[in-house]
Each structure stands twice: as C-alpha cells, then as structure tokens.
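What follows is a set of structures to go through.
Shared between the two complexes below is chain A, which pairs with chain B and chain C, respectively.
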Partner chain A sequence: MGLDYQLVLWNKHKKTYDKIIAFSMLLYIILFAVITLVFNAETSIETLVIRAFGSLAIIMLHIILVIGPLARLNSNFLPILYNRRHLGVSMFIAALIHGGFSIFQFHALGDVNPIYSVFTSNMDYASLTNFPFQVLGFLALLILFVMASTSHDFFLGNLSAKVWKRLHMLVYVAYALIIAHVFLGAFQQETSVFTIGILVIGFVIVVSLHLITAFKEGKIDAAKAEEKEGWLKVCDISEIEEDRAKIFTVENERVAIFKYDGKLSAIHNVCKHQGGPLGEGKIIDGCITCPWHGYQYLPGNGQSPPPFTEKVATYALKLQGEMIYINPDAFNEGTEVEPCNY
Partner chain B sequence: MEIIITIFLIALGTYVLIGLLFGLYFLFKGAAKIDPLMQDTKKRVRFLLFPGVAATWPFLIRKLFKPKTT
Partner chain C sequence: MTSGLRKAHKYIWLALTIVIPTVMAFAIKDLQFPAKNTQTKTGIPRNSAVVKGVENDVAWLILTKYQTISVNLKSPLKHPSSLVYELNKDGSQGRFLGQLTNSMIVHHFEIEKPISGIIIYDALKESEITKLTF
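On to the complex of A and B.
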C-alpha cells in the first residue's frame, strides 16, 4: 500500500516485536550453550552451534504453526499473527545456520561438492535406522528458503495470492520433513531427550489446535439457515457484538454481518489481501479492519477507502422485529448497499 | 540411486542458475513492466527481492509474457 516497495513495512509495533524476536533468539542460544557445557563440557563448538540452532529453528517453527489457529480461537493472539512473516524469516536464518554449519562440518572437507556429499555420503536410503537424515533437512531447508525469500509483499502481488498461498502451505511439508529429519537422526546421533520431547509435545499441540479450529469452523458451515421467500434467517441482533461481526455461510460463501452505530451491513468474509477472515475483525474508525494485516473496507459498499482500490462483495439485509434476514444473492464487489437500521 | 541424485542435483543447479540470470534482468528491467510500483523502487529493495525472484522465476516469466489483461 504505497507508491514504491520498501525494504520492510516497519512500524513501531513491528520494531518492538522484531526486537523481542532477536532478543529471545539470542537468549535461547546463550542458555543452550551454557546448559550444554555444564552437563557435557567436552561438546565441541561446532556441535554446539549445530544443535543450538537446529533446536531453536524447530521451536520457532512450532510457534509459527500454532499462531494461525490460536489467533482464530482467541483474538488476543492476533498481534503475533501480524508479525508471523518476520518470525518466519528469522526461523529460516536459524535453520540456515544449523544446516550451513552441518554441511561445513561434515561435507566441506572432502573433495566432492558438499551438496553432492550430503546426498551421497550415506547411501543407505533403504534403511530406517541408518537413513541419510540430512537429506530430509536439506529438502526442508529448500522449502523454508523459498518461503522466506518470497515473504515480501512484492511476491504476494506478482505471484498472485493463490500461488503465494500454495507456496506457503508447503510449510507443512517442511514440517513433516523436519520431524523425520530429527527422528531418523536420533538413531545415529545422541539427540537429546529435550529435543525429542519438544518435538513430540509440539506435534500433539500443533495437530490438536488445527483440529479444534477446523471443527469450530465446520460448525459455522453446518448451521443451516431457515429460508423465507428467498431470504435466509440468520440470527437475532443481540447475538452480534457492537463493532463486531458474526460469520454465516450463505450459498457456500462465508458472509460477515457487522453491527455498528445502530446499523447492520453484510459483506463477503474473505479479505482481498490474503483471504483473511474479515468477520473476525473489528470496525475501526468506521472501517471493517481485517484481523490479519489491517486492510480496511467500508461496511456500506465493501470498498477500501481511497486511495486504495480493493473491493469485496456486499449483501442485502432486512430486519423483522429483532431477527436479521439476508438475501443470499451477492451484489457485485463494491456495490453500495443501504445499511439496515435498527 | 546415484543417477537419480545426480539428475536431481543437476536439475536443481540449472534451475538456480537460470533463476539468478533471470533475476538480474527481471529486477532491473522486467519487473517494472508487470508491476508499476517497481519503477520507483530503490536498489537495496531490489537486492532483497533477488533471492525470491531466483526461486520463483517460472511463475514470474509466465506473467511477463502473458498479454496484459488490465
């Protein structure tokens, strides 16, 4: 949202978050080093770096994977969601240090190309306990690289939101590869109980949070509305909080019905930026504000306030007593609709 | 197995090489054609975008050659 691209769209909050990220990472590395050296003073510095950054990366990856579902279950987590991209890039840097050091340590000293060596130094691909687990780490690192390097808004626009989203869904593939990387590695390395513990607990948390969110959203879709002369009965006015919305499924589309200043307006629930759930956002300064990155839309016509040009579809509402009805036929994106007064 | 690995790594290397060459052309010339915001974008931002362009060049090339829709 500007006339040229900036390095990073920093604002005060983001700077604070970035400082927190950098500081936490540093603290973790220092703590990890101290604790390891206390318990095992003979650990070499290379092994220390490899283990510290490997475990740091996997912890950060877990945080990244749970932010999405957490923010949907509880809006207090939304600020972290806005900062997820920076967290992702930082995680990639930690993983890169881990992978880079490993390659340097185990593969750079021979006369074969180090990357070729990652794939061929152990050819036991049919084995479980002696599987070349570093290959899995390498493939995961490739995916993380693609994600980190395309995290700038430039790619969102120029790869198209659809392709971008798909690329970033690969994070789940990377996650699976990394889990296999650590578990298969544990057969060959004395991987610490700590790391295995994080991974098992983390996996359970990630999966259950995703399931809970999916279940909750499934319920929204299943709630079937009653029909009356083409209008669908949705809910009582009192069920919607002031300056907030409730989300309904109308003709297989999610629709958000907002309540503000004694008025009601309905718009398509999907943000034009990256498909954020507008109905989970708030009305701020008279604009529906997307909970993900703050794109704004006017409730009356679904248009972003000038100079921006995003538009979402709008819907007609009517009231009978306290009951809200919606016309399931969407208007074209950005169509002005008289809000329903109550 | 070694053959598969060799083919994979050569393919990966070729992909990256094309990406790097395309990236240079794209960021300093081509990008402005598909994205007006790039016209005034500063040099250091272009370097920041470089790795991503090298990684996703097939998508960007397709966009560059597609007839304009807007």
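On to the complex of A and C.
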C-alpha cells in the first residue's frame, strides 16, 4: 500500500516482472521478424511492424484474459495476477504501434483526415466478407487506451472501485471487437487455416476457463449452511490454519473467517482496492493482507491501519465446543467486533 | 469479487460464447479459400509442358497442360495485398486462386476449367493491379 500517488510503486518483484514482460515482447518481435524475412524476404518494414505488433498484442490479450480465472482455479498463478496491469499497459503499447502504423500505412497519405479515412474509406458496412474491419480495430484500440490511461490507482481511488471495475470490464468488448477485426480483416485478405485455428483455440481456452470458474463460483454461492437459532454453522476450528482464513458464503456474499493469536474474526471477503479475495490472503504483521495487491485490514474492525481509510464489513462469531458459528447479519463497514477467543 | 460482479462476469462470458462463434462462422462461411497452390524457386513444375504463355510489365503467366498456371512477378508489387483470380471467358472475375507473396519465387495454381487469363487484385484498395490474358 502507498499513501501518496506515485507513477509506479516499484518493488523487486515488479521490476523482475516488468523485465520478463519487456524481454518476452522483444524476443517475440525479433523471432517474428527473422521468421518472416526467412520465408518472405520482400516483406516491407511497415507490413512487418504491423503484423508483428498486431499478433503480439493479440497473444498478450489472451494471456491477460486467462490470468483471472487461472488465479481463481489455482493459487500458484496469483503472482502473475499481482501485476496484471503492467501487462495490460504493455499490451496497449503493442496494439498502439500496430494501429498507428496501420493508419499511417493505409490512411495517412490521402487528402482526408486519417481517422476520418478509417471510417469512410470502405463504406461496405452491410457486408461481412468486405466489412470495414479496421473500424473494429480502431474502436478496440480506443477502449484499450481508456483502460491503460486509467489503470493507475489514482483513477481507482477517484473514480471509485465500482466505476473503475465496470470501466475495465470493457476489455471484454475490446476482445470481441479484436476477434471480429481479425476474422473480418486479416483472414479476408489472406486466408490461413493455421491462423484461424490458432485464434479459435485461443478463444476456446479463454471462454472455457472463464465459464469453468464462473460455474464453480456459482456452486459455492449457492451452498446452504446449517442454521441454529439464527447462527450459521461454519466449520470445526481445526479446519482453519493459523494466520489463514476459511471463506464462507453468507447470503451469496463471501466472508473470510481468520484464525490468529488464539482468536477468530470475520470480515467481508472483498478487498476495497480491486475486489481481491481477502480470505485467500494471510495475516502479516497483525493485518489481513490481500493476496492481489497487498492492501491491509485489521481483523478486529475491518479497517485499514491509519492513515489509510479503506473499510470492510465485519461479522459476529461464536464458538460452541470446537464448532464455529457466524451471525449472517453484517455490521457496518469498519465496526469493531470483539474477536472470538478459543 | 462481489456476488453481483461474479454474476456479471458469468453472463458476459456466456454472451461472448454465443456472439463470437456466430461472427466467426459468418466470417468463415463466405471466405474464399485459395485453390491448391505451390511455390518454387524457379521455372514450371517438372513433367509438365507449357501450353501457352503471356507477359506484361508486371508478371509472366504460363499455362501448362496439367491444368496449372504459373505466375512470376517481374518486381515486387507496391500493393498491400495481391490476390489472384481466374479470368473467365466472358471477361468477368472468376474463382479465387491465391495470393502472390514474393517476386523471387514462382507461384503455381491449379485450375479446374479452361480460363482466358488472370486478374491480380488489391483487396485492400479494392482495385485491379493488372490483367493477363492469353
């Protein structure tokens, strides 16, 4: 967590992560250029740049889209999720180079505004085979621009997490536009079963992972707990590891029940920063620490330690023997609740 | 994620599962897949014989008796896309044969019926680059 806004809050892991991204992008561009020039030495530099960065952006977008569900299905992927935003901004840069060169190559040398030309040079909007596919790519690039330029925590803090999240869910619209851009564009000019196959496989992987995760999470949401005098039965105390949590569903919302220093506390499972699952984090220095970006909350009152102001709802717990019970009625965000001692 | 966001994600991906394959299917349905074609460094395919040939300032075109045409560009084309179509007897644009990718190699395309030549077409600029008629 950082109190002041800085361009990027660097740490050792972020630097390593960014070096891996930059090196991988460079390696891909070099390999693409070498392979292209070996098989077709007459390829112009503009075409090479357009194709290399376009394909790179699509590959990166697929990787970005699978990180979320992979992290839900397997916590080993959490470190990648931690810095997904840098990957997103890098992907936007690749897409911008692709789009910029394409507009320059195909629209900048006429007597009309290049952007106007993108929309009007082909007016065959009613045709699928001859659709002005560049328009779709341009719209996707605009969405990616909005997302990249608002990716900083400054915008997250000022737009509110809800608005920010909805804005960034536009990536799904961008993905659909990009798939249509490629299918109605590149494949119409250069029909290649290989490239169609690659994109179809990519789509199947992305959709399958998202749907598997969605249905798995839906099952957890629908689970009904045993009720006893208005309290819901959670689990035996031995089922929770020290400094870790058990995630429990209360009226479709997830609650994280933490066990620490001979005490039990329950807070709402959703981090105020980007909606990370607090119950998958652990207690570090006495604070519940979000596994996504390290935001912290005190277990007793759900408040971030001063000077931070984030707050989540808290819940009352009770112990009967070794069995933990939770009151499903949440307290207001940041309400102090006496921990349950064991 | 809150339960509302989880539901939103689920419905978005269910919608994309339907919408994207539909667009893909429509896009592929009317796609022109190229005729069987090969490329060689030079010359016409072995064991074939030239039936007739023609050239202009853009390319050479050779028809062999094995129902194959060979196209060789004289110099690289300054066009982003160069697609080859059959030229029908009535002068209209016929079947899509394939794409010219390189002036250093000879492109060979199989044809199914007698043709009167080929059209080399820029699909991006929607303009005819050249026409070669036997």
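Throughout what follows, the second predicted complex is superposed on the first by the 328 of 342 C-alpha atoms of A that agree within 3 Å, B and C clash if a C-alpha of one lies under 4 Å from a C-alpha of the other, contacts with A are read in each partner's own complex, and residues count from 1 in each chain.
The definition used in the following text is that contacts are C-beta pairs under 8 Å (C-beta built on N, C-alpha and C of every residue); 3 or more make two chains touch, one makes a residue touch a chain.
All values derive from a computational prediction rather than experimental measurement.
Student: Is the arrangement of chain B and chain C around the shared chain A a clash or a fit after superposition?
Tutor: After superposition on chain A, chain B vs chain C: fit, no clash.
Student: Contacts for A:Ile45 in the overlay, against chain B (first) and chain C (second): which applies, first, second, both or neither?
Tutor: Touch partners of A:Ile45: none, neither chain B nor chain C.
Student: Rounding to a multiple of 10°, what is the angle at chain A's Cα centre between the Cα centres of chain B and chain C in the superposition?
Tutor: Angle at the centre of chain A: 90 degrees.
Student: Touch test for A:His210: chain B only (first), chain C only (second), both, or neither?
Tutor: Only chain C is touched by A:His210; chain B is not.
Student: Which holds for A:Phe106: it touches chain B only (first), chain C only (second), both, or neither?
Tutor: The answer is second: A:Phe106 touches chain C but not chain B.
Student: Who does A:Ala22 touch here: chain B (first), chain C (second), both, or neither?
Tutor: After superposition on chain A, A:Ala22 lies in contact with neither partner.
Student: Going by the contact rule set out at the top, does A:Leu73 touch chain B (first), chain C (second), both, or neither?
Tutor: neither
Student: If we overlay the two complexes on their shared chain A, which of chain B and chain C does A:Tyr125 touch? Say first, second, both or neither.
Tutor: After superposition on chain A, A:Tyr125 lies in contact with chain B alone.
Student: After the superposition on A, what does A:Leu37 contact: first (chain B), second (chain C), both or neither?
Tutor: neither
Student: Check whether A:Phe183 is in contact with chain B, with chain C, with both or with neither, and answer first, second, both or neither.
Tutor: Only chain C; A:Phe183 stays clear of chain B.
Student: First (chain B), second (chain C), both or neither: which does A:Gly157 touch?
Tutor: First partner only, chain B.
Student: Determine the nearest approach in Å between the Cα atoms of chain B and those of chain C after overlaying the two structures.
Tutor: Comparing every C-alpha of chain B with every C-alpha of chain C, the smallest gap is 18 Å.
Student: For a test of understanding, state which residues of chain B touch chain A in their complex under the given definition.
Tutor: 1-2, 5-6, 8-9, 31, 34-35, 37-42, 44-45, 48-49, 51-52, 54-56, 59-60, 63
Student: Which bits of chain A are touching chain C when the two form their complex?
Tutor: 40-42, 47, 105-106, 122, 128-129, 165, 169, 172, 175-176, 179-180, 183-184, 187-191, 193, 196, 200, 203, 207, 210-211, 214-215, 217-218, 221, 252-254, 270, 275, 277
Student: So in the complex, which bits of chain A are touching chain B?
Tutor: By the definition above, chain A touches chain B via 2-7, 115-116, 119-120, 123, 125, 145-146, 149-152, 154-155, 157-160, 163, 167.
Student: Using the touch definition up top, name the residues of chain C that touch chain A in the complex.
Tutor: Going by the criterion above, the answer is residues 1-3, 5-6, 8-10, 12-14, 16-17, 19-21, 23-24, 26-28, 30-34, 76, 80-81, 83, 99, 101-104, 123-124, 126.
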